[in-house]
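Chain IDs A, B, C and D follow the sequence of writing; residue 1 opens each chain.
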Amino acid sequence: MPEDRPLKAAVLKAAVCGASGYAGAELLRILAGHPGVEVVSVTSEKSRGISPVVLYPHLQKYGRLTYEPLVPEDLARKADFFFMALPHRTSQPAVALIFREGKRIVDLSADFRLKDPSAYEKWYNNPHNHRDVLKKAVYGLPELHRARIKNAGLVANPGCYPTGAILGVYPALKSGIASPEGIIVDSKSGASGAGRQADPRFSFCEVNEGFRAYSVASHRHTPEMEQELSAVAKQTVTINFTPHLLPVNRGILTTIYLKTAKKTTTEKALSVYQKQYANEQFVRVLAPGALPDISAVRGTNRCDIGLVLDERTGTLIVVTAIDNLVKGAAGQAVHNMNIMMGFPEETGLGQLAVFP
Amino acid sequence: MPEDRPLKAAVLKAAVCGASGYAGAELLRILAGHPGVEVVSVTSEKSRGISPVVLYPHLQKYGRLTYEPLVPEDLARKADFFFMALPHRTSQPAVALIFREGKRIVDLSADFRLKDPSAYEKWYNNPHNHRDVLKKAVYGLPELHRARIKNAGLVANPGCYPTGAILGVYPALKSGIASPEGIIVDSKSGASGAGRQADPRFSFCEVNEGFRAYSVASHRHTPEMEQELSAVAKQTVTINFTPHLLPVNRGILTTIYLKTAKKTTTEKALSVYQKQYANEQFVRVLAPGALPDISAVRGTNRCDIGLVLDERTGTLIVVTAIDNLVKGAAGQAVHNMNIMMGFPEETGLGQLAVFP
Amino acid sequence: MPEDRPLKAAVLKAAVCGASGYAGAELLRILAGHPGVEVVSVTSEKSRGISPVVLYPHLQKYGRLTYEPLVPEDLARKADFFFMALPHRTSQPAVALIFREGKRIVDLSADFRLKDPSAYEKWYNNPHNHRDVLKKAVYGLPELHRARIKNAGLVANPGCYPTGAILGVYPALKSGIASPEGIIVDSKSGASGAGRQADPRFSFCEVNEGFRAYSVASHRHTPEMEQELSAVAKQTVTINFTPHLLPVNRGILTTIYLKTAKKTTTEKALSVYQKQYANEQFVRVLAPGALPDISAVRGTNRCDIGLVLDERTGTLIVVTAIDNLVKGAAGQAVHNMNIMMGFPEETGLGQLAVFP
Amino acid sequence: MPEDRPLKAAVLKAAVCGASGYAGAELLRILAGHPGVEVVSVTSEKSRGISPVVLYPHLQKYGRLTYEPLVPEDLARKADFFFMALPHRTSQPAVALIFREGKRIVDLSADFRLKDPSAYEKWYNNPHNHRDVLKKAVYGLPELHRARIKNAGLVANPGCYPTGAILGVYPALKSGIASPEGIIVDSKSGASGAGRQADPRFSFCEVNEGFRAYSVASHRHTPEMEQELSAVAKQTVTINFTPHLLPVNRGILTTIYLKTAKKTTTEKALSVYQKQYANEQFVRVLAPGALPDISAVRGTNRCDIGLVLDERTGTLIVVTAIDNLVKGAAGQAVHNMNIMMGFPEETGLGQLAVFP
């Protein structure tokens, strides 16, 4: 059992702040396979003093590390790159401090995603106290903002639902085949999206063999979708977004209903999507007739997209599948880091899905 | 183990044709608790000669019965009421023969649901050879057609998806609070909806931890929804319907997007629904803020309904939950039989859900 | 939605104390279908003031009731029969008070199961302060103690694991075909056995797709099995018991390894079991070659038993399946009440399993 | 989507025969991350002519390959190393032909595991026609036979159950702390162990929420365990083996009951196990009090082991967890190849488990 040796002679010293939740643990899993990164510090308030391997026996390569409290100045001395996986509100001041230390950061919280601080304050019911930092943050969806991510000091990693939704709507709006009016996004997420929970409503018995919608017409990921899609459409886009809780560990399937803006066919629409994503390592547009399944992207940073044009109703139905913890969180964060630090984009993210 | 005694001194002698599939087995489960019915015959071609208890160990009360081939004349002598749970196409001639013998029937197949035989022929790619019988069939959704079911000789039991969809749309269209245009029905069904399968795509490994859409813009339950909702709206209604496969055994959750036709609120819309279903034993409209979960209706003939008005987008989002094998098949069939034969409607259907 | 009417003109007024946990909720589910019982009171400390239907939407027939605190004197005026589903330790004084009020009780906790108070104190690390009451308690496994249950004032309802284990070992020990030495009991239980949990270790994500043993060589149900089997064997029996956590909601499968004490065959051993349980409504001994599955007893008060003699090793392998919340808790409690109060034993317990 | 480029400038050209089943697909998944191997050919009779990516959308890196029929002479020209993942019986002649071509092989079938051809013929009910090849085969459990694997031309990859069982028993027998008499192996396997199935008994609905034992006292993996453990114990060892079907995709948990042969403690026994596996990359002996969970090894080539001494009964209870498709099949096959070809043992097998 020689797991506890230093992982490798790595170039980049990284810290994972908030590493006791699922997104943090997933960052550790992925970074263990990244040849250019060494994780030098993990933080957690409530698990301080224990090793990640106690909470997560699968992280056996991290026996040498111990959760420590988040002291920005100390961390800034140890690490050169920061993954922040703290809850929103908590992330805001920590990110600001580390950012001002001149460190590069990917923040997985919601605190720096919304450009408009008043939208943040309305949807998150929390003041934004670091508007100067917010101005410098780049929304970290590489397929839309790669060039700006490259030079960003702070990347706001997208929410899990917006990732699947925006990737599904983007080519249709950009190409003009769909109308920006009346967009409906119906998403279904695995239970890990709720985080590591001590709540009977997320206990095995009350999720297993169940299925329910929640936060209907009020989920906080809505303005994030609207911000990005409004920019694409060059007009204000309002989204109807309904999330549901799936009895699986991982995966988000998003079914999107778009009104066609011009006469088109399934084949033509597919061709628009294929062109848009032709150079993207992590997006696959499926062949006509094929539809994505979350099981084919489990554990990977990939997004699978399928679509069908319903000629009877003039609706383009786009279905996207991602792993909420990877492309929807930790994998996209590593992808962003790869872009920021000049690693080949697939570094550490090449695994195929574990299926079945 | 005294299970094999005659069940009870029952009044109505019933046959279940096609009793080796899940809908047939569910009919047997429910009828075992119905004090007014004795199942005198079960048919199955491929399982002929064995007892239902061999395929379904939980049906221990049926050790005395053996699957027999479907010979209408013989069955007509034995039984007075017929539940037909055959595949479509197969059901058509069998129902016609038994109907002409003067027996009362609930048919669980799709063969007598669509009033317009050309719609049937188009969507099912199969001729309809019994149009005279079709004319006499009543669509068996009690909440819409109770009076006509009462006197029907043949009731066409609704499809599982249409049951959840129609109950969710009906009050909004009838009251005029929603527009009949642009209705979107996004449904998620447990795997038993696919029947008893010998197909790797429905094997445990390929459904578990997965989730996918299928038959997008082409599912055969679409015209059934359109038929019923057009009648309610008194105009042609076109539905966008997308089914998905949930990794659970039972349950359909349907999320419906309706455009509001007049200014309303969540509370007012709930009140419309509550009034519509005030006297329905099997429909429950949830309190404001509550949303249905399939786990609360598992094993029951109930439909739970919740709704939210999204004022930002002018959309009424209605969510319904049913058990696809009960309210979506066998339970509704027994409900229809109760109405036809004058039993109290809840007879045999009073069980609470098995939760968790 | 006329669920809130008084349930029926019932004879026996019953209280369910500790009705906010899964065993309590299951008692309410079952009693809703019992024609001879009316539940007049439900208690819960932490959920006081709300209705069971808030915690458990499937219990729609209980909208009229509200959880109240457990005040024995008040309850004694309202109810004539008591189901106590409190945690151990808490149950002890409450049962004692109500017992002294002259009420008949089925206690689902562990507090009155072990005849030897020192065994209780050792395994539960808790003093037994009501030894006079303990002396009058009858261990409520009807298949072993029906006659004494009939006249008992206090029945200690067996633990879930002991129910499946004792029923599997009993005929082999009683008949002498197996040795009382070296008995191994390997059990696998669904997650509802852990109760309604707010603990990440029982969250969906950490149980689903997992499987683990726990409390190896130290589980508190061990002395209960030993007490009952020692009485059958008329010598001290020591059991090796290993529980495991299954990713299902309900069900316990117990695999038992017994050394044969005399030359026998699978058929002969089956015949011993069949004779032992010939008159039991809730025990089914399967045909040669058949083995039980928890899915065939889900939601029912039944125990299915299969067995195989391994001639190579001289081992009789017995497999039993129960639903931990029914035969392993609430169903057996109602069965005991039926015996105590003179109802036919199957009353309220006749449902077939909900499968699939 | 640039997935279809040649994977890498690889050294070893490998063929995967029988690549349409789960073990074959898992070989492809793992080999896609192995820098020293290029898969040049995949065979499948029933899926000939299509790409693996059609059956398995997660294998997107294999779009360039097409299943071809197994023609040994042709394959021998293309590939230098062979993974054979055919059903037993079918594997025998194919392995023999390729072996005689001078190619090195890991055979994942059961055909070359049992040294004694008469044991093979008895348990598999099939003649062994290639006894000369059988004599040269090495049983591929690296932790026991590393030295011989290194030079083997043909490695018989162990069965999934024997892998978990033998690793759990081996140190106790070798050290003499446990008796070779009366060993009981109670295993629980995920459904992928049954292969890619078109059988209602393995459909989602009939496995999910179920649990059952099967092949009690008759499973074909029994003689494999007995062969290896007899060699360790230097006496004939007879095993009582009971497999069960778990409602999870992957993982085998094996609970082993051993009689202690000398006075010992949990700590001492753990120390024996820790010493035995101190240099093994893929075996982890857990700390006192910890027990393995299949979820911590999912997708990995690892075996986690925990144990407890039950002093009351003189029984050592050992629990092991593996992923049946990795350490129990494809991962162990790659491990064997690494040993045979001189790659570092962890090459291609370094991934951490995907949890949750």
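Brief remarks follow.
The definition used in the following text is that contacts are C-beta pairs under 8 Å (C-beta built on N, C-alpha and C of every residue); 3 or more make two chains touch, one makes a residue touch a chain.
As the structure is a computational prediction, the values presented were derived from the model and not from experiment.
The set of chains touching chain A and also touching chain B is given as C, D. Where the sister copies chain B and chain C meet, the same residue numbers recur on both sides for over half of the interface positions. Centroids built from CA atoms put chain C at 35 Å from chain B.
A separation of 46 Å divides the Cα centre of chain B from that of chain D.
Between the Cα centres of chain C and chain D there is a gap of 39 Å. Contacts with at least two other chains are made by residues 22, 192, 205-206, 208-209, 247-250, 292-293, 295, 298, 356 of chain A. Within the complex, the chain A residues that touch chain D are 1-3, 22, 25, 29, 32-33, 56-61, 192, 209, 249-250, 274, 277-281, 283-286, 290, 292-293, 295-300, 302, 304, 350-356.
Those residues of chain B lying in contact with chain A across their complex are 182, 184, 186, 188, 205-206, 208-214, 216-217, 238-240, 242, 244, 246-251, 253, 255, 257, 291-295, 298, 306, 308-313, 315, 317, 319, 321, 356.
Interface of chain A with chain C (complex): residues 22, 191-192, 196-200, 202-209, 247-249.
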